[in-house]
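Chain lettering (A, B, C and D) follows the sequence in which the chains are written, and residue indices restart at 1 in each chain.
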Amino acid sequence: MKEIKLAVIYYSATGTNYQLAQWAEAAAKERGVEVRLRKIKELAPMTAIEANKDWKEHFENTKDVKEVSLDDLEWADAYIFSAPTRYGNLPSQFTQFLDTTGGLWFSGKLANKVVSGMTSASNVHGGQETTLLSLYKTMFHWGAIVAAPGYTDDAIFSAGGNPYGVSVTAGKTNLDEKIEKAVAHQVKRTLQLAKWIKNGSN
Amino acid sequence: MKEIKLAVIYYSATGTNYQLAQWAEAAAKERGVEVRLRKIKELAPMTAIEANKDWKEHFENTKDVKEVSLDDLEWADAYIFSAPTRYGNLPSQFTQFLDTTGGLWFSGKLANKVVSGMTSASNVHGGQETTLLSLYKTMFHWGAIVAAPGYTDDAIFSAGGNPYGVSVTAGKTNLDEKIEKAVAHQVKRTLQLAKWIKNGSN
Amino acid sequence: MKEIKLAVIYYSATGTNYQLAQWAEAAAKERGVEVRLRKIKELAPMTAIEANKDWKEHFENTKDVKEVSLDDLEWADAYIFSAPTRYGNLPSQFTQFLDTTGGLWFSGKLANKVVSGMTSASNVHGGQETTLLSLYKTMFHWGAIVAAPGYTDDAIFSAGGNPYGVSVTAGKTNLDEKIEKAVAHQVKRTLQLAKWIKNGSN
Amino acid sequence: MKEIKLAVIYYSATGTNYQLAQWAEAAAKERGVEVRLRKIKELAPMTAIEANKDWKEHFENTKDVKEVSLDDLEWADAYIFSAPTRYGNLPSQFTQFLDTTGGLWFSGKLANKVVSGMTSASNVHGGQETTLLSLYKTMFHWGAIVAAPGYTDDAIFSAGGNPYGVSVTAGKTNLDEKIEKAVAHQVKRTLQLAKWIKNGSN
């Protein structure tokens, strides 16, 4: 049985998706999986960051989290991506990272990677579904395999029933145990699929 | 100033979208607009309907609501569509109706109609966003003009903040005054856009 | 090594998607896989069918193809779906079939099925991409695993480079050897993924 | 009759979308409309640009095109956006610009702006449809009004029949007169809708 390696890659401005990513990391570690937790590089100017107290604080607090590199994509068998919505699409920080993957894509190294996504929005229905579909669209171009949770566990229903991935309304008070459990299930499912594919394809 | 004519066209199995449609009808009438409330024909076999008490009851209760016809599409300047999700897409009853519009489409009669959609799902995030985008995709093929609410009124935020249209979790207890107000705003916005277009294009 | 069972399920009015489906069936059989080729039930009234010579002819010619049943979904490990666009979405015949799967879905029997889609439109860009994404959206609700081709083979580039699945402009003259090869690759990829998942999960 | 102001806003790496944007500008000027042609700021490092001869050349050739600013969004009544796909989504340069519009959005200044999009991909079906839908999704969040061409003119059929907007396969040889005419129609339709809305809403 080959070992699965997981990269949890997130972008977070004020901490919601960082929390989701940390839960994903913890759930994977609990399963004995090697995990890299990586943040996506901030592109916004310091003036923008400093104008928002929560953003500034989060930015400072996560200075030590390693920034994602293309090597992380190549290294891992599976990715958990987490990022807030920006008008129903992914944040530019996130797409900027995706835009640098042309070389890996061209050489076929992103094919059959297993991927699952999480997201947040300010409103209850402010892009929780559509942002994940934007991500998965790109994954199809990569030839990656999407591990959407569907309704494969009761934890999904309790967390809002988003079949595309865990999604929350931004803000710490919405990050409760139900969400944490849904994240853990999504990680479990992603790793399981990655294991099947890795064992089969090697 | 030309008068606007509105068709409120819905499919409902157990009543949620019928309620949304009735609120839309009432909001339009309050503005002195001529409205046709029309149900989409049921395709499911009676055995399926009768196996579900709520469905059966709703089916019986709405026997007198007129079924939508192609003439309603031609007659109206604007449409409010309401339908529950089926796995993130529109119900087949609804798409079956859309599939009969080829003649109207071919003769250009659907172009510049103004359209807005509402939806429901069993889960909080069970297709509330993606179902509306499926509808709007078809509207682009028609050359219709989508009047998505965006965040043009506080009522939208209170009702869950879905910028694509009013959406609810199915079930009567979720159909409160906040939703009713968001429906009224969506109708107002749709009629306003229809009026601008009708006055301009004639 | 467990044997994979494939269901090729299509809806076709005038024959384009039937041809795609037949190529998929042939490609799977060549790999020694047990295949069921199944058509989706026609819902249109005979008057509509008879008003279109090509539709009528195709309808008559395929009278002997078996209609898909829920049992086919349960039986197969993987599905190849093929259907033309209707304004960027799936035809109502197709969604009507999908709408009957609630029981299978509820009991978890559609989770981890491997799925890939093909489509056609009258125009070059008349829904070739968006129709497949509508299908995959529903697959996420099912918990199925999408085997989109991405750019995993040169055959995809030659056939138009649609990473979501084989797509063609409707009409026999557009169904050439390049398309046939892309179909064969898509089937191969789908079966491969299904094999990995079946072997892993059992 | 109020005058319409149009902003043609594009991102282009090697020139395809710049050509589309120039055609849009010309078509608008021919109608006596005040136009601002604006490029979106390049984010890629010079090393990336210089590694690609065509990109470098285009970068140098368009140094004098003004970069878009938020003021352009506020000033114009209508926008024509043009950008290549990146895996079915918008390029990060483009989304980065969109991500800076929060202030305008919050103050309601983007509501009722009329918008239409154009795009390109390396393959025939490499995101020509899905990229435009990503753009329009964001437009719904803005409360903007999408002027998708649909099938409102023969020029659309000739240019590939993309109802969401003009789309091309990247490369100069694909930019022929049919595309130019489809761009002109899309601009005409966008301006028309903008005029109706501006006259109505003021």
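Convention: a contact is a pair of C-beta atoms (placed from the backbone, for glycine too) under 8 Å apart; a residue touches a chain by one contact, two chains touch by 3 or more.
Every value quoted in this text rests on a predicted model; they were computed, and no experiment measured them.
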Given subunit B and subunit D, the chains that contact each of them: A, C
Most distant chain from subunit C, judged by the mean position of its C-alpha atoms: D
Intercentroid distance (Cα basis), subunit D paired with subunit A, Å: 30
Geometric centre distance via CA averages, subunit B-subunit A, whole Å: 34
Two or more partner chains touched - positions in subunit D: 88, 105, 126-127, 130, 133, 137, 140-142, 163-164
Topology of the chain contact graph, where touching chains are joined (line, ring, star, complete, other): complete
Subunit B-touching residues of subunit A, taken from the complex the two chains share: 88, 121-130, 133, 157, 160-164, 167
Residues on subunit B engaged by subunit D in the complex (per definition of touch): 105, 108, 111, 133, 136-137, 140-152, 163-164, 192-193, 195-197, 199-201
Parts of subunit D lying in touch with subunit A, wherever the complex brings them together: 43, 86-92, 95-96, 98-99, 105, 126-127, 130, 134, 137-138, 140-142
